[in-house]
Amino acid sequence: MSITYLDAIREAQAKALALDSRVYIYGQDVGPFGGAFKATKGLAKEFPGRVMDSPISEDAMIGSAIGAAIEGMRPIIEMQFADFSTVGINQIINHAASFYWRTGVPIPLVVRLPSGGTPGSGPFHSQSLEALYAHYPGLVVMTPATVEDAYSMLLEAVAIDDPVIFCEHKYLYYHLKADALPTSAMPVGKARIAREGRDLTIVAYSAMVHEALAVAGELAQEGTEIEVVDLRTVKPLDTDTVMASVARTGRLLCVGEAFPWGGVTAEVIARVASEGFALLDAPPQRLNAKDTPIPFHPNLWAAHRPTAQSIVSAVRNLLAM
Amino acid sequence: MPQLGESIAEATVISYLCKEGDQVAADQDLLEVETSKATTTVTAPCAGKVVKWGARLNESYPVGAELGIISVTKEEAERLGISADRSGSLVAANSPGVHHQPEDPKHKPEVEPTVSGLPVPAHASGASYMSPRMKARMHDLGLHASDLAGIAGSGAGGRVTIKDFEQFIANIQKHKLSSASTMRVAVADAMRRSWSRPLATVGLPVNLEPVLAHRKTVEPKPGPALYALRALALALAENSAPAGRLVGNKIVHPPAIDIGFAVEAEDGVLVPVLRQADKINLRDLTERYNTLVDLARKRRLPPDATGGSIATVTNFGTFGLIWATPIPLPEQTLVLGLGAGRKAPFWDEAKQAFVPIMEANLTLSFDHRVLDGGAAGRLLSRIGALMGNPSAL
Amino acid sequence: MAMLESVVSQGGSDGRDLHLRAFRYMLLARTLDEKLASLYRAGKIPGGGVYLGKGQEALSVSLGIHLRKGDVYAPLIRDGAGRLAFGETPLEAVRTCLGSPLGPMRSRDGNVHRGRPKDGYLPMISHLGAMISVVNGALMAKRYKGQRDMVGAAVIGDGATSTGASHEALNQAAVEKLPLVLMVADNQYAYSTPTSRQFACKSLVDRALGYGIRGWTVDGTDLAKCLDTIGQAVQEARSGGGPQLVVGCLLRLCGHGEHDDASYIDPLLKQAPFGRDALDVARTDLLTRGWVTQATLDQWHRQLAEEVDAAVAQAQRDPLPEAAAEKWNPLATSHLMDGQFEVSA
């Protein structure tokens, strides 16, 4: 039995709905249609009245989720694309994120963001906004890279009493498969050593973990052993695991699909530079998308964000320093 | 401004050798310039007419700076393969039949960066770059950059990477190791710091006969090195500049002529100090000297007996050595050394024959930033001369 | 503090009781406002943000007083009277304005950004229109949990009706058929912006048709009419009539905040009927009806002034917040707090 990343997300939601009557799903086209990516396929039927179509109102979708959460519900809001979440960003960052700190009343909601690029998806269907949300206090930001994490971390997200931004990668939806759903999971907030290495550390998250692993496989044939760290959550960021890896290798390359300025990669490097300066044998490096909107044509898109080739190049540069 | 020498970065214009309006031939001298090494000329890169001097007299210009403008004919430009646009110190200017580059009204003057070529350490060539991790490890192990000499670096520009370093340490662990004494480590550190300066040595043979003769007449008997020490003190009293310290662009003159002398103790060297050696006669110095040597050998020197000296004297002759180049203490500019005395032939002009004399080499090792060979030589000569008249010491 | 049961105005002794209670809340609100204004002028309010409800007391109290336990209420910046009617105490209000750590917002938010979410009293955020969808969500949750006959009330001004958030929320409420009462206090100005620069329809109530919901208008200066109209709207929503849009017409009788002198307000508007002071109108009305005497009014005024003074005195004795003693944790799940960002020694 082969389970895709998307299946895992649907299964997690089904399980959440089944286990806790306070859970409901609200978003555009999530009801009978099953969602733009079929992440809620069949769920409206299986759980009547709990998987509802919303009007195209990101602000009202989140606002109402806040109200419901105050009343004890545990809403899952599906944004059709991460790129549209910014229409409702005020309710996320100024309301949901600040509510507990201001009132002591927790807001247990989950905002699912289909994130990341696929060929031809263009500037408004490809964005990765984890850094934007991580910037605001009061949010947990998850970026699962594997089928197993997509499943267990979404269940965890629903169970957490705080607002969780769940960044799912659209490319991984159907391209990533696993044999079975997991029965156990690493705790949320811990990063995973996706591949052990010795010569250089690549810190990555979401789809870039797979690019990094491909690079590590290629370079292993030359005798270079790359350690790959999968952050799993961007906030909280598991500085300890990153630091321990850099302690082993002395060289750090941080890779992210998002825009460069103030990205997750900048945050990782800032922490390593300030807390782990004496671990570094070479200046820490980062690789991100270009500082332009995301291009439409696949040829341009391939050059816009990090790929296995550009990562190899960055790795070689760093090893030569 | 051409590149006038390997390390020359700039030169000062000291005279024009032709004037605006002159026709000049290729390779003709145009300007006289002075660099830190020499005075030389800037020559014409081609035949043409000197249109305008941009350079001013007595001003310094860096390599590559525009000094003036020569106008050339089209044929001359083609002959030399020079393009008609502004490049280096040539431009094809407004003469008939000549290429002319008009001012581009759209061309905005570019902002000149105030700092160019900031070093990016990891790319810099040279083995001296140490990464933060390296520094941290070396600090843990009590090592310094000088300890890395001899480690083959596999990093950019030959730098020693942490891998190279850990390999080195691992290899060392395989050899027989013994602990260095505190004294040894302290001396090692002092020598390392001293060596960070450019040091040089000058030497002079000195006729010891006058000293030996004088020595027979006095009690207690000063050692030859003490004669040298007293001579050094008097020479420095006459001119203390050679013993000054260079701090930045200032020479710090010595406050008092306190001279130390090296005494071997265990596996290191102690340097007791004779204070105001210029003001104390040789006999009194001898008593103090003997006391200090005794205390030093017993490792019982009081704290105020060392430190604060402005120069040191070492008698390497006691080991039978005739020549040595000692290293001055890190806080001092000079160390005077005296070699072993031995019979040597001396040409006696009066007798027109070689006569045997007792001779020893005096060496002066010095911080070359403070004084050059000439000053060092003059100081050494003066010491030699003073030692030729020991009753005046 | 227990919330008072509200009784729909019917004109009988129950109606008179409601009316008198409403008036007392108005008077208390006005007294409290005046006290806050003087604290502001004395420099006692951190940030200097004091927003008064002068002129809006009748409209505001009429909504708050018709709500009951189990309802949800999202008041805005000039709803002092409604908040008191819904069960807020003057002490909570003063504490929040002064930033006391003993207030409901524990020094972390201040002045009108206050509430008790678990009691259905929602603390506002500054972004206008944002609270309405939150009320929607609370109502959806209650409905889902099987609660019946509840009402969610939100207040916005004429200016806030221009925001996308208020439009989205009203549309959502209509689509979801929620028992929402949205009261629009059209006081002619949004800060310095007159309504001619805010909307082009003749009256904001015209929009109700566009949303497919019931619309009401009311003279915001007349307590009796406010109690009646708003009472009906609340009842309509409560009994399944869907969202109700109530537009009250009045004039803002103070600056946007106490830092503002409102010199831009057209003096002619002050002469208009809706330029009357609702408190004066109500006072006169009560005296005319013979429901109170002047002596009673004076006595109430004194009592309420004492109540306000006592609250202020107590709040001013509160300790100041101590940064070092604060838990700087924005998450309820403390083990998911991100790393320390302070420079470590």
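Here the chain labels run A, B and C in written order, and each chain numbers its own residues starting at 1.
Please note the rule applied: a contact is a pair of C-beta atoms (placed from the backbone, for glycine too) under 8 Å apart; a residue touches a chain by one contact, two chains touch by 3 or more.
Model, not experiment: these values are computed from the prediction.
J.: So which chains are sitting against subunit A and subunit B at once?
T.: none
J.: Looking at every pair of chains, which has the largest contact count?
T.: A-C
J.: Which chain is the middle one, judged by CA centres?
T.: A
J.: Using the average of all C-alpha atoms in each chain as its centre, how far is it in Å between subunit A and subunit B?
T.: Using C-alpha averages as centres, the distance is 60 Å.
J.: Could you tell me the distance, in whole angstrom, between the mean C-alpha positions of subunit A and subunit C?
T.: Centres of subunit A and subunit C (C-alpha means) sit 40 Å apart.
J.: Roughly how many whole angstrom separate the Cα centroids of subunit B and subunit C?
T.: Computed from C-alpha means, the inter-chain centre distance equals 83 Å.
J.: Using the touch rule from the top, collect the residues of subunit A that touch subunit C in their complex.
T.: Subunit A residues touching subunit C: 24, 49, 54-55, 57, 59-73, 75, 90-91, 94-95, 97-106, 137-138, 140, 160-162, 188-189, 235-237, 239, 271, 274-275.
J.: Under the definition above, what is the set of subunit C residues touching subunit A in their complex?
T.: 72, 104-106, 108-109, 113, 115, 117-118, 122-123, 125-127, 130-142, 144-145, 164-165, 168-169, 171-172, 175, 329-333, 335-339, 343-344
J.: Would you tell me which residues of subunit A are touching subunit B in their complex?
T.: Residue positions touching the partner: 250, 277-283, 320-321.
J.: Under the definition above, what is the set of subunit B residues touching subunit A in their complex?
T.: 120-123, 131-136, 155-156, 161-163
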